[in-house]
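The structure's right below; bear with me while I get my questions together.
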Amino acid sequence: MWKGHTTKRQEDKRQADRAKRSREGVRCAEMSMVCLTDFEEYAKEHLSKATWDYYAAGADECCTRDDNLLAYKRIRLRPRILRDVSISDTRTTVQGTEISFPVGIAPTAFHCLAWHEGEMATARATEAVNTCYITSTYSTCSVEEIVGAAPNGYRWFQLYVYRNRKVSEQIVHRVEALGYKALVLTVDVPYTGKRRNDIRNQFKLPPHLKVKNFDGVFEVKENAGPEEYGIPANTLDPSISWKDVYWLQSLTRLPIIIKGILTKEDAELAVEHGVQGIIVSNHGGRQLDGGPATIDALSEIVETVSRQDRGLPGRGDPYGKRCAEGRGPWSQVCFHWQAGGVWGLAYKGEEGVREVLQILNDEFRLSMALAGCRNVAEINRNLIQFSKL
Amino acid sequence: MWKGHTTKRQEDKRQADRAKRSREGVRCAEMSMVCLTDFEEYAKEHLSKATWDYYAAGADECCTRDDNLLAYKRIRLRPRILRDVSISDTRTTVQGTEISFPVGIAPTAFHCLAWHEGEMATARATEAVNTCYITSTYSTCSVEEIVGAAPNGYRWFQLYVYRNRKVSEQIVHRVEALGYKALVLTVDVPYTGKRRNDIRNQFKLPPHLKVKNFDGVFEVKENAGPEEYGIPANTLDPSISWKDVYWLQSLTRLPIIIKGILTKEDAELAVEHGVQGIIVSNHGGRQLDGGPATIDALSEIVETVSRQDRGLPGRGDPYGKRCAEGRGPWSQVCFHWQAGGVWGLAYKGEEGVREVLQILNDEFRLSMALAGCRNVAEINRNLIQFSKL
Amino acid sequence: MWKGHTTKRQEDKRQADRAKRSREGVRCAEMSMVCLTDFEEYAKEHLSKATWDYYAAGADECCTRDDNLLAYKRIRLRPRILRDVSISDTRTTVQGTEISFPVGIAPTAFHCLAWHEGEMATARATEAVNTCYITSTYSTCSVEEIVGAAPNGYRWFQLYVYRNRKVSEQIVHRVEALGYKALVLTVDVPYTGKRRNDIRNQFKLPPHLKVKNFDGVFEVKENAGPEEYGIPANTLDPSISWKDVYWLQSLTRLPIIIKGILTKEDAELAVEHGVQGIIVSNHGGRQLDGGPATIDALSEIVETVSRQDRGLPGRGDPYGKRCAEGRGPWSQVCFHWQAGGVWGLAYKGEEGVREVLQILNDEFRLSMALAGCRNVAEINRNLIQFSKL
Amino acid sequence: MWKGHTTKRQEDKRQADRAKRSREGVRCAEMSMVCLTDFEEYAKEHLSKATWDYYAAGADECCTRDDNLLAYKRIRLRPRILRDVSISDTRTTVQGTEISFPVGIAPTAFHCLAWHEGEMATARATEAVNTCYITSTYSTCSVEEIVGAAPNGYRWFQLYVYRNRKVSEQIVHRVEALGYKALVLTVDVPYTGKRRNDIRNQFKLPPHLKVKNFDGVFEVKENAGPEEYGIPANTLDPSISWKDVYWLQSLTRLPIIIKGILTKEDAELAVEHGVQGIIVSNHGGRQLDGGPATIDALSEIVETVSRQDRGLPGRGDPYGKRCAEGRGPWSQVCFHWQAGGVWGLAYKGEEGVREVLQILNDEFRLSMALAGCRNVAEINRNLIQFSKL
């Protein structure tokens, strides 16, 4: 069994730890999975160190990664009472399509590292729960396999721009033909962030896994040069600029959503360039360390552009009970990063992802009701506590 | 002896711990009970894990539960000196009735879990100390037993609205006939908050205990379906709204106090709907996680409604030395949640609750004097420190 | 040897700990005493638990005691450069008398608990260093012994008002006759604060020690009733008010300094009542828990009364390098509580107190110079950093 | 082998620790050096305790030293996207000379303590990387040796003013003749800060090392008196004032840069006195404890003087990715203190310093690009996040 790049010594220690816990009566397979933390702990226990490190990584000192969660705890909600919440309608509309609740699967790479069926399992689970699944470019199943696994799922495709524009162009045409409903242009990776443990682990995909969408696309020679996260290094184009948004618009009729905006200035530029949506994201704190927490950036952005558009937090609330803000013609979704997807996958594949999404839905529904909101439209800025003693 | 739902392994460990402490010479029965923390530690030591977890629970990540205490530590008092505090009068009036000091027993469920005499012991202690005891709907003694145990006690009754309005109506008439002096309508439980340990422990009442007030009221079939905290699940009505306040007013001549308000908007609505009082409470952090600390919410609310009414903090200060704010025609009581009642019960039943109330009274009296206040009326907003370097 | 009220088990453990440290080569007598923390650790090591607990106590949860130090760390100094600090003059004037630097010995009780010569050792050390020693009413040497031990020392006397005014009157006349230069009227003890460990330890003076100034003054019968910190309980008068300031002024021509003021309102009242000085103090956090840190209160007060008087922080900076603020006709001294006195006593009696005062003087002188101040008069509010990013 | 002033017991423990780690398979020589923390840990492991303590020291309680790093974490960057960062130009100009990126080697003493070749190794590494090396007066190689080791390096000289002005004068003429390009007048050491561990360790240079630049300059008699950091105590002149800046200007045609400014008032005075640059620095927190973090002081200063000059943070960002602010005719460099130099030296001498500078350059380049800046000129205040929820 492939163990990532964990050293023998590390693996021995992990196995000893597992055996010890087992003797102590904590049988993971039997433990009740009550909240997402339980899935996270299960994954930490069962994934190889290199895989866990990859998924858990933040850039540099991980300040932004950690602040992504801490920032939620600095917010206070202002629950309203006596509002007849006997019916809790968590449905919302995103790019004109109804989904069951404002949480989807944000793009994450390499699902086969967590579960042998990889993105096909994720796709089936999201289809079953009726929400949006943003397929990562770096999937270890091809988009055709993913669509085949869950033909009726609602899907967006996460896109990078490559130095070789033909590669991007081909994948755009492929996913458009396969029925993907939107393109999520990720703009915060002109270069890959420095994730120390990945360097220490010399992280790379094991031999039996590939970035399948690009099978044969890049000319990779065996041992020919450095590989970076499954594709040849330096294939992403750091020269991308707003002009490339026009170029992308010329290629496709799909709506374009820009992911990776953290300032009001860039949100305004996105509006001016006619994109259909933005996703406020710091890439889970994996790119620039020192940037704002997602929810703090969202707060700045919705103040500026909420009359005409709407912020979408990326890797939002891992516990599903706090919700995106802002109102207007654009849709609103709180996309979930690994907590929502990969830990569930690591637990039980499709079933695990469904359990995770079900917990998030239950927690979102309960919190919405306890805050006095009957539906997503009633969630607004007055729900946030500003006054302090 | 019933041990709750603690596993064998957990209980073994607890017993080993107790034995170890005993060998080390810490004999709990002999330790001096100086402050409420001592009672809390005693209870943690002696209650079964499931019972302790139930009483100590907060919702989800327990942010609000923990902030309830931390928020007090962010406040600075401004003590005044040379004010002749030779006489410290801690008496106050609540709903027209004088009580010995502004701390009462807030509604808490299942006192028989902590002490075999349950709510009867609590009632006797509160009567002896001459303060207000808000009986929980979820008592494990019936209201008749409680009144019988302490016939001259001053009591309010905490009320939920059930889907079956007849159930609520019957209990209102029962407690009114028994001499309860007010109804405390709890409005922050349209659904029960998610308390993770209760789920893990599969918390339920042991076979020999019941929610006695509803004995035979709900048609419960043995093993027929989920039970939630002693009564069948889904019996609370999540559709309650301000209309139900009018309905409740039509049923009774008792004053109605709304418990669970956390915003000035809802405080104003309470005034408009003609209720006699409000209790500012986040249900001990057991319902919506992420809401404000009680004392922070109180601060917002008294600024708005203090001219006509008065905020009442729920599960207020566990050490009894900080006091409710706001002045006006309404009464002011700082109700105590578990710290004030259950830990005392767990220690020595009626005697334990009396000890706890006595400590709270002593601490309140001393702090009031050290702050330069001779009586409750002299406690006002100037006592709070705002300026910082 | 008297061990306070430590139990046998506790003492056994302490002795075992000392033996263990000794085997590990940490010989306290040999360790270098570089900063006040070293003295504090030595004292913690060598005093009996009951004595240490008494000196280290704060009231209740010790929030204010702890904040007294934390508050200093929230302040940022603004050092100035190139100001020719070749001469550092730390002298200042207090009540018209020059002292060597703005740190004195604040009143602390029971010095014989820390060193057999008690207050006589403290008096000699302060005389040698030429600063002010505020003798506590609760000294274990009599004022006559103290004056005899250091006849040329500069001394103030800390005073309480007793229910039996004659007691206060007599002591005032005694200290005036003995050449004490000011009376420090302590106003924050209408009742004693609740110090949990003192209650647990049933702290009282050992049989061979007395509050010598009151030997035979109060009629104490052996075992006749509770004793509180060396004198019969309830002898302090909680009715003291501003009127008593006038009464005290009528008894004496000594300047009167009020100790225990924490608000600008009371500082203004002090000015109106014609007292000669105030000491901003929260009694080391031993009285009301929840009050402001000394330095925060000082900041509020000097803004109000600095044109006419001057704040004096009590139990100020334990490291002697931050200094009192405010300017005007009144003197300015940063009095040191236990850190400055008792830990030094516990180390080596008079020599220990001198070492402590020397360290404080060195640190004060160095910090003053590094901040660009040549003398105490140049220390002003511009030295404090307000702007933050 | 010289071990500093570590006691036998301490050294035994250190050696035991090393052996233990070695058995556990952590071979430092083999570990990958991914970020500066890795070098710091290596140095902590391999330097003698006295040397490590000397390099790591802060004054007194080390508040300022620690805040220097914490302050960076309180800042949030505002990254911009889609700006074509395919070319990242990290070059900048300082005092008219181009350097490869805005990080240089700040003056640090005694490099031979870390590596036998000392400052010669540092000089070669900085020359190779093409940035500025500020040689410390307290180098353990002479300036002639340093220049000889790296004849084409770009160098400034860090200068103190001695009581004996001739000493300062001679060294100024020497370094001017040797081609040093600027004088960095350090003004925050009228007296040496109190670094507790140095006192405890009785830190001094081992017999085989000297402050070579002053070999024979001060008349030191063997064991004649206290030595302080390699030269006789009390040789630095605490009377230096702005007049000495004029004196220094009269001695040399080199630009004069004042190091140690922390307030806008002093920054303005520096401008008025016609110096060519300032370095905002708190001496790594080794002088006045309680002063502002470097980056906080910089923020105050650039607001005041940025139109005409520019702030330079000393011991800036140890991870090289945050950069000095302010724009104008003056140059901008983020000088690195020990993290940048000494840990690298301790690891592998010249090669270690080059590795460290390379990592800093890589991290700076990457962060600049991820923030949307193509070159140093594009880094400005808009990059900093001010708005918070």
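Letters A, B, C and D mark the chains in the order given here, with residues in each chain numbered from 1 onward.
Convention: a contact is a pair of C-beta atoms (placed from the backbone, for glycine too) under 8 Å apart; a residue touches a chain by one contact, two chains touch by 3 or more.
Quantities reported herein were computed from a predicted structural model and do not represent experimental measurements.
*Asks:* Between chain A and chain D, two touching copies, which fits better, same or different residues at the interface, with half of the numbers shared as the threshold?
*Replies:* Different: fewer than half of the residue numbers at the chain A-chain D interface appear in both copies.
*Asks:* How big is the rotation, 0 to 180°, that puts the C-alpha atoms of chain A on those of chain B, in steps of 5?
*Replies:* The C-alpha superposition of chain A onto chain B needs 90 degrees.
*Asks:* Based on CA centres, what chain would you say lies at the far end from chain A?
*Replies:* Relative to chain A, the chain with the farthest C-alpha centre is C.
*Asks:* Just how far, in Å, is the C-alpha centre of chain D from the one of chain A?
*Replies:* Each chain reduced to its C-alpha mean, chain A and chain D end up 41 Å apart.
*Asks:* Using mean CA coordinates as chain centres, what's the chain B-chain D distance in Å?
*Replies:* Here chain B and chain D have centroids separated by 59 Å.
*Asks:* Which chain D residues touch at least two other chains?
*Replies:* Where chain D meets two or more other chains at a single residue, that happens at 75.
*Asks:* Provide the full list of chain pairs in touch.
*Replies:* A-B, A-D, B-C, C-D
*Asks:* Along chain D, where are the residues that touch chain A in the complex?
*Replies:* 24-25, 32, 34-35, 72-73, 75-86, 319, 321-322, 362-363, 366-367, 369-371, 382, 385, 387-389
*Asks:* Touching chain D in the complex: which residues of chain A?
*Replies:* Going through chain A, the ones touching chain D are 7, 9, 60-61, 63, 71, 74-75, 187-188, 190-191, 193-194, 196, 199-200, 237-242, 244-245, 258, 260-263, 265-266, 269, 287-292, 295-296, 299-300, 384.
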